[in-house]
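Two complexes come next, and they have one chain in common, chain A, joined by chain B in the first and chain C in the second.
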Partner chain A sequence: MIRAFASGMRVHVVQFSRNPFDLSGVFLWPILYASIAYYLLDAKHDPRLLFASSLGAAVMLMWSLVVIGSSSALENQRWLGTLELLVAAPVPFAVVIAPICVASGFVGAYGIAATLVWGRLLYGVPLVIAHPFAFAVALPACVLAIGMLGLVMASTFVLYRAAFSLGLALQYPVWIATGLLVPLSTLPAFVRQIGWFLGPYWGFRAIREAALGSRAWTYIGMSVAVSAAYFVVGAIFLRLFVHVARSRGSLKLT
Partner chain B sequence: MAAIEVTDLCRRYRTHVGIVRRRRTDVQALAGISFEVERGELFGLLGPNGAGKTTTIKILTTLLLPSSGTARVLGFDPARQAGEVRRRVGHVFGGDRGLYDRLSALDNLRYFADLYRVPVREKRARIDSLLELVGLKGRERERVETYSRGMRQRLHIARGLLHDPDVLFLDEPTIGLDPVGAREVRETIAGLRDQGKTILLTTHYMYEADELCQRLAVIAGGRFVASGTPAELKARVLDRTVIEIESFGVGEEALDRLRALPGVLSVATEQRDQAELILVQSSVGSELTRALLHELEGATLGKVIAREPTLEDAYVELVQTA
Partner chain C sequence: MNSLRVFFVGGIMSYRALFNWINPWVFVPHTLGYPIFEILFFAYLGRFANVQSDKFFLIGNAFMAIAITGFFGMGNSIGGERRSQTLATLLASPANRFALFLGRAVPSILTGLVVAASAFSICRLILGVHFQGGELAGLAVAALVASFACTSFGLCLGALGLRGRSVSLFADMVGGSMLLVSGANVPFAQLPGAVQAVGRLLPLTHGIAAGRKLGAGESLGAVSGLLGTEALVGAVYLVAGVVMLRVLEYQGRRSATLEAF
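After this line comes the complex of A and B, so read on.
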């Protein structure tokens, strides 16, 4: 299963890297998000806030890359006619789909790095990381938390044909509920409670605390715990939804 | 124990019509088919589009659940024991789809080998021998998007054989191929048959079924209308003569007049480039050519040929009377 997972990651990264349109997006988006971080909060005179907002923008980009990357990859499987072959493989379907989401997560990790670097080059955002080791752990923990939320979303993409549209529609709600777009303190209390159930909430805080604060390990732990829970829920959903798709006969539909 | 056992298999699809007043309609794709395929046998399912061939294969390969009836593949139920079935069967379908276009053939095969649990030690040798078998050796590092349709189809077959399945399902594997490509694929299938693989092949090409299958069944409207060896099916129409009339612009009324002639058993048409081929089946010994031409007087006609019936004639007869 580990081999199937690793092989899946490789295939999806290579498949992604050979699409010039996707590649140009991955190159341009970090510049856009770095600019959003700089202009939106108007934090030019507060280096700490500027860095925090850059991190928020970088995680926003990561979520976009994961949810759009995994939904378009799933929709592509339908168009390529490979979805049925993946379902018919003897390994558990979660092991087939998870690499798509985690591969998108790694593209997202690049997105974080690129956003921060562009922020530094274009706007002079300070990149002083308080706890480099914790930051190095927080980054993959964030990738995992966001990638595994992508897996839960991907289970619905198996059932519905318009996966890409669904992926696009899920961008903003998660940005808002996890405090990436606007501070949660400005929103009703129930929004914060929704955020607790979302991987980007914990992943962002793990990265932010590692860079600027002191409670990174708590949030890293929460990111890992949430990721494990997502994997279990995603695997159950995938099993259930594949059964529904087999019953409806909708696996081949594009 | 037979490799494949199917009993009273039914499958209905549910569709909805309308936006405001949504109305549910059920489409019967399979209406209770039963058959068995022995180990090492190449069994053919013949039928027109929408007959239920692909639905049958999808149920047997675990991709679709039956509405009722039972199926067993190597003793396992594809609906309830999907994992056991998936380990033991290979599935190849026709057409362009089912491959990662931007990857090379080698990358495609490596990925599917990992998904189908081919042991690491055997993976390279297995892929090499399959590339050799399907004639893609030397081209395996090229991207699939540069492949011809025939090459893609042969790559599909290699993919389906990666885990050395006991049973192979081939769903219209030569559809859309040029004659040379189709012949190459048929040769590959014949080789697998000779190796003793159990194969269930669906096709609507009669010569393909005649050349490859040891037994076959004709399916139409979700039901079996006949089964047997190709020779047995042909024997159903051996007491007949087929008259082929090449025509241009003959209407339905004229065809009805032909059907009404004494001695005519069936009349079918086939499009051949700009011409329409009228196929008239009659009992052996009845001399109908003159009467047929008389009924078609005034129409533009080309060649007229009388010949012995083929498996295709048997198939057309079976499907038309179903």
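After this line comes the complex of A and C, so read on.
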């Protein structure tokens, strides 16, 4: 299973990085959101806020790529007629889907580099990372937490043909609930607790604290813990939903 | 007469085929959820940054919802045929191309207008933004003009689908850029000169500016210049789109790339 996961990761990262046109979106989106934040915040005197906004915009892209990547991957398999073959393969379906989700988040990490360079060149945002080692650990932890949440989402996509539409609709709600660009303190109280259950909440705070603060390891630990929980839940859901889809004979419906 | 039949009957059949299979509980969050959360996201970002009012973001992003359906309605009508491997068959028919593709796009665009109006109304209640009756009527007029301009621009994007495979992604990136370039979320005057110059050539920019003035109580006469410019931008893209449809179809036939996916 480890070999299948590693091989899947390698294949999907290469595949997602193959088309320069597709990749241009990876660079454009976080830069756009970061630019809007720079203009609105106009925080020339608070470079930490601009730096945090850059990281938030990059994590927003990671989540978009994971949720859209996992939903479109399933939709593509349906269209190509290979979803039934993947389900019928002796490797657990979760191990087939998980690399797609994590690889999408990994490609989204390119956006961090793009946003930071953009912020530095155009807005003079300082690129000083307070804890480089913690940042190096926090980044994959963030990718993992977001990717594994994508796995849980992907399990529901197995059941529905409208997977891609659902994936698109889930972008903004998660961006809001996890406080990536808009602080949770400005949102209604009930929204704040929702974020605790979402991987991007912990992943973003892990990399932000590693770059700017001091509590990175707590958030890294939480990112790893929620990733493990998501994997278990995602694997159970996938098994359950695949069983339902097989019983209904709806795997092939496009 | 035949073109009218292609426009109406083809459009209705295509629209039913596009959405008939989808459950309401998926259709509603997908179409309505996205613009609602987009408006709320930027409105709360504005509150945090302490810049502009909720009204500024409400109008800007409601117009964005109209733009997106205009862009994607046309782009997807051609891209969908390519994906289903029916584009070549469709283009082998003698039907008027403009009626064929616009007929498919118009129902989506009308849905987009309804969705934008619904999202606008719901977010207005959530954010507690008030408008007078006359202001809402003015906004509706500005929205219609902006919708025409965005659909015309979408025709150009859709025509690119006769040659390229990643038109949806391109439309997505153009739509995303409009969040910034059109002044939907950042005061237009605050943008760099080069970005403003690009923004002035794109649809929506003048429509949003007109919408904001109408939302602030100005009369239609006072914003007629902005609305006229928006309509002119739309007319130019409409002509460009029709020419592009003709030229790119010819090139696609010659290079046998209509079925490439």
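What we mean here is this: the second predicted complex is superposed on the first by the 242 of 254 C-alpha atoms of A that agree within 3 Å, B and C clash if a C-alpha of one lies under 4 Å from a C-alpha of the other, contacts with A are read in each partner's own complex, and residues count from 1 in each chain.
FYI, a contact is a pair of C-beta atoms (placed from the backbone, for glycine too) under 8 Å apart; a residue touches a chain by one contact, two chains touch by 3 or more.
Note that the structure is predicted; figures quoted are calculated from it, not measured.
Chemist: Should A:Pro132 be classified as contacting the first partner (chain B), the second (chain C), both, or neither?
Modeler: neither
Chemist: Pick one for A:Gly221: touches chain B only (first), chain C only (second), both, or neither.
Modeler: In the superposition, A:Gly221 contacts neither chain B nor chain C.
Chemist: Would you check which partner chain A:Gly124 touches, where first means chain B only, second means chain C only, and both and neither mean what they say?
Modeler: In the superposed model, A:Gly124 contacts neither chain B nor chain C.
Chemist: Just checking: does A:Arg246 make contact with chain B only, chain C only, both, or neither of them? Give me first, second, both or neither.
Modeler: Touch partner of A:Arg246: chain B, not chain C.
Chemist: Would you check which partner chain A:Asp22 touches, where first means chain B only, second means chain C only, and both and neither mean what they say?
Modeler: second
Chemist: Could you say whether A:Pro47 touches chain B, chain C, both of them, or neither, answering first, second, both or neither?
Modeler: A:Pro47 contacts neither chain B nor chain C.
Chemist: A:Ala4 contacts which: chain B (first), chain C (second), both, neither?
Modeler: first
Chemist: Between chain B and chain C, which residues of chain A are contacted by each of them?
Modeler: The overlap between the chain B and chain C interfaces on chain A comprises residues 19, 79.
Chemist: Okay, in this complex, where on chain A does chain B touch?
Modeler: 3-4, 6-8, 10-11, 14-15, 18-19, 79-82, 84-91, 96, 243, 246-249, 251
Chemist: Per the contact definition, I'd like the list of chain B residues that touch chain A in the complex.
Modeler: Counting only chain B, the residues touching chain A are 11, 13-14, 55, 58, 61-65, 83, 86-87, 91, 93, 95-103, 107, 110-112, 114-117, 120, 159, 163.
Chemist: Using the touch definition from the top, list the residues of chain C that touch chain A in their complex.
Modeler: Residue positions touching the partner: 21-23, 26-27, 29-30, 33-34, 37-38, 40-42, 44-49, 51, 83, 166, 169-170, 172-173, 176-177, 179-180, 185-186, 190-191.
Chemist: Which stretch or stretches of chain A touch chain C in the complex?
Modeler: Within the complex, chain A touches chain C at residues 19, 21-22, 24-25, 28-29, 32, 35-37, 39-42, 79, 160-162, 165-166, 168-169, 171-173, 175-176, 181-183, 186-187.
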